[in-house]
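Okay, structure first, notes after.
Labels A, B, C, D, E and F are assigned to the chains in the order they are written; within every chain, residues are numbered from 1.
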Amino acid sequence: MKVTRRETFNAAHRLHNPSLSDTENTEIFGLCNNPNYHGHNYVLEVWVEGEINPITGYVIDLKILSDIIKKEVSDPFDHRNLNLDCVEFENLNPTAENIAVVIWNKLRAKLDSEFGLEIRLWETERNAVFYDGN
Amino acid sequence: MKVTRRETFNAAHRLHNPSLSDTENTEIFGLCNNPNYHGHNYVLEVWVEGEINPITGYVIDLKILSDIIKKEVSDPFDHRNLNLDCVEFENLNPTAENIAVVIWNKLRAKLDSEFGLEIRLWETERNAVFYDGN
Amino acid sequence: MKVTRRETFNAAHRLHNPSLSDTENTEIFGLCNNPNYHGHNYVLEVWVEGEINPITGYVIDLKILSDIIKKEVSDPFDHRNLNLDCVEFENLNPTAENIAVVIWNKLRAKLDSEFGLEIRLWETERNAVFYDGN
Amino acid sequence: MKVTRRETFNAAHRLHNPSLSDTENTEIFGLCNNPNYHGHNYVLEVWVEGEINPITGYVIDLKILSDIIKKEVSDPFDHRNLNLDCVEFENLNPTAENIAVVIWNKLRAKLDSEFGLEIRLWETERNAVFYDGN
Amino acid sequence: MKVTRRETFNAAHRLHNPSLSDTENTEIFGLCNNPNYHGHNYVLEVWVEGEINPITGYVIDLKILSDIIKKEVSDPFDHRNLNLDCVEFENLNPTAENIAVVIWNKLRAKLDSEFGLEIRLWETERNAVFYDGN
Amino acid sequence: MKVTRRETFNAAHRLHNPSLSDTENTEIFGLCNNPNYHGHNYVLEVWVEGEINPITGYVIDLKILSDIIKKEVSDPFDHRNLNLDCVEFENLNPTAENIAVVIWNKLRAKLDSEFGLEIRLWETERNAVFYDGN
């Protein structure tokens, strides 16, 4: 049994690898390399796997899950510039893949080890990533 | 190969565990414990796994699957009060998790054993559960 | 220029006119007349018309609009039984049309008269109403 | 008769009025005032009103409309920082309202005067603006 | 006050004007002129304007509206080839605009004259038309 | 880690098995057997599984994936009649299941063997299939 909570956050970012030349960065990342940043409405689905608690009928109280997401993801990332404002991406290119790994690690640390964890992160209505820690 | 049929039903419910005190019920279930009920537009995705039938090109005729869902889920649950009108929840707290288990069991009993079965049930546009019998 | 804020609330209701007989109520309202109620995830779009304020670049701060909707609509209606818990529907059949009129009147009273007001209320993904006070 | 084309663009922006103090900017714009910018997936609906051309059966060829939107809106705004990269917002706070006016003016200049023009611009799945030139 | 019912139908069609040459048809309609047809999932929103009936609380019973749409639109158009199977398009190019006019006329004839009528027809998730009889 | 790209194509098709009688075809496929075809807006999600490339932060550049989908799926299938225009379905009934297998095989041949591949294909907003090669 898995349950999910869907949350959103809006952030600026720029794809850039400082160990590559400017030409290489432009070649690989195209418009996403714009030095002045661009941005997205990120849509995050957090799926938690576990047994149904016979007292509550819940796998996990989604209000509690929502609060964890708020504290770990929305508060630090919403209305921020991922490259400039978020220490997690100081040395990490904020591709959707890397953002998903960062979010998964932050949530994993706050969830009981009994729970499984998967996330889906939509960067646009056409592009998304899925990560379950493997 | 999996195929899905998406259906909806609209129902009232209330989260409540009669073995807990009123205070505990309020503490755990908050607004969802409202004694006069609230309600949702439930969105159900039923995924059936199997081989493609070489005669039809179908895993299962989705019209047949839709009819099964109608008979087992929509007819008994749509425009009902899950707590009061549905015998399945007479002694079972109608959380999304428990509703999913009930639906899965009802559909499993009507599908050939050759088929796999998974369901996704969205209670709101932010909350959902997934269940595959495990 | 119009701006909108989209909010949701989840409520139970029953369509019933006490001045009609039970047979007439069943005939007119069908399953919606279920005495034990059913429910919906209501989706509300509140459109406010006005001039752009040259200082802020806003017609109205959508955070302020959201707070008004929260206080006037979400807090009193979310996770409620419209028939039993909401004084507005004590003597008013909670059809989508009547809910829209009630919401429009409540919001109209809290908005400056300089603003125009329109609402769209979706009861299901197939049924909706529009009301602008006329 | 009106026809629409829906397009998207992803941009960074910051809400800021240089004639206000930093304190006032923070007070009015909150997180949207973040000096390092944030961003959105903007969804644009362009509605063109006119008569059906009896030869083509079209009000306007939506491929042509799409090309105009691409040249006037998507190419200059997509994957940009509206404040830093777009001359239109050099002295204009890029609120959704002001972005809508800018887009409407740019498209109006490229459409035959026989056509009416309305736009809807969604900044998030909860916030939008409508503008028809009045 | 306006109320809406949303319905869908899936049809094949081809854009072609027999009074034009093949070259002109290709030039104007491009891929939509494919002689073997292509197809769409059409999404139809029918908006009916009127007063709230004080007995029912309805502008119009949406079940009745749904039945009218089924009989006038879904039954004749769903799973059809608009050009070959539907007499309405024998001499009319089935652009979204012309389909909307045909649907509006068919529904107008079945609705009491007291009601206003508007339709929105989405041909794809990017293209739509609006028609209110003018 | 999996990444996805969502694309759409609009096509006509007819479900028909030439080795069955007309009566059997009608019985099995119903309206989908209409000899003049009907059509759909197909929505395709292509999920690619792999490791994050430490240089780019990508599993696969979604622009490259989009180009592969365009060449292998959208260009040959969009605005076509699957039965008449697409050699892949000359002897294969174009059910959603079979279309998914065809698309998976075409994409599999163009992707490095290091990548996993899954697709989801929505034929309507209610019907979909999932295929991962097994």
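Operating definition for what follows: a contact is a pair of C-beta atoms (placed from the backbone, for glycine too) under 8 Å apart; a residue touches a chain by one contact, two chains touch by 3 or more.
Computed from a predicted model, the values in this text were never measured in an experiment.
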Mutual neighbours - chains that touch chain B and chain D alike: A, C
Copies chain E and chain D - interface residue numbers shared by over half, same or different: different
Whole-Å gap separating chain C and chain D, where each centre is the average of the chain's CA atoms: 29
Centroid distance [mean C-alpha coordinates] between chain C and chain A, Å: 34
Residues of chain A touching at least two other chains: 125
Chain-chain contacts as defined at top: A-B, A-D, A-F, B-C, B-F, C-D, C-E, D-E, E-F
Residue numbers on chain E that touch chain D, as the complex places them: 15, 17, 19-20, 28-30, 92-98, 100-101, 125-131, 134
Complex interface listing, chain A residues touching chain B: 1-7, 47, 52, 55-59, 61-63
Residue ranges of chain A in contact with chain D within the complex: 8, 10-13, 31-32, 34, 36-41, 78-81, 84-85, 124-125
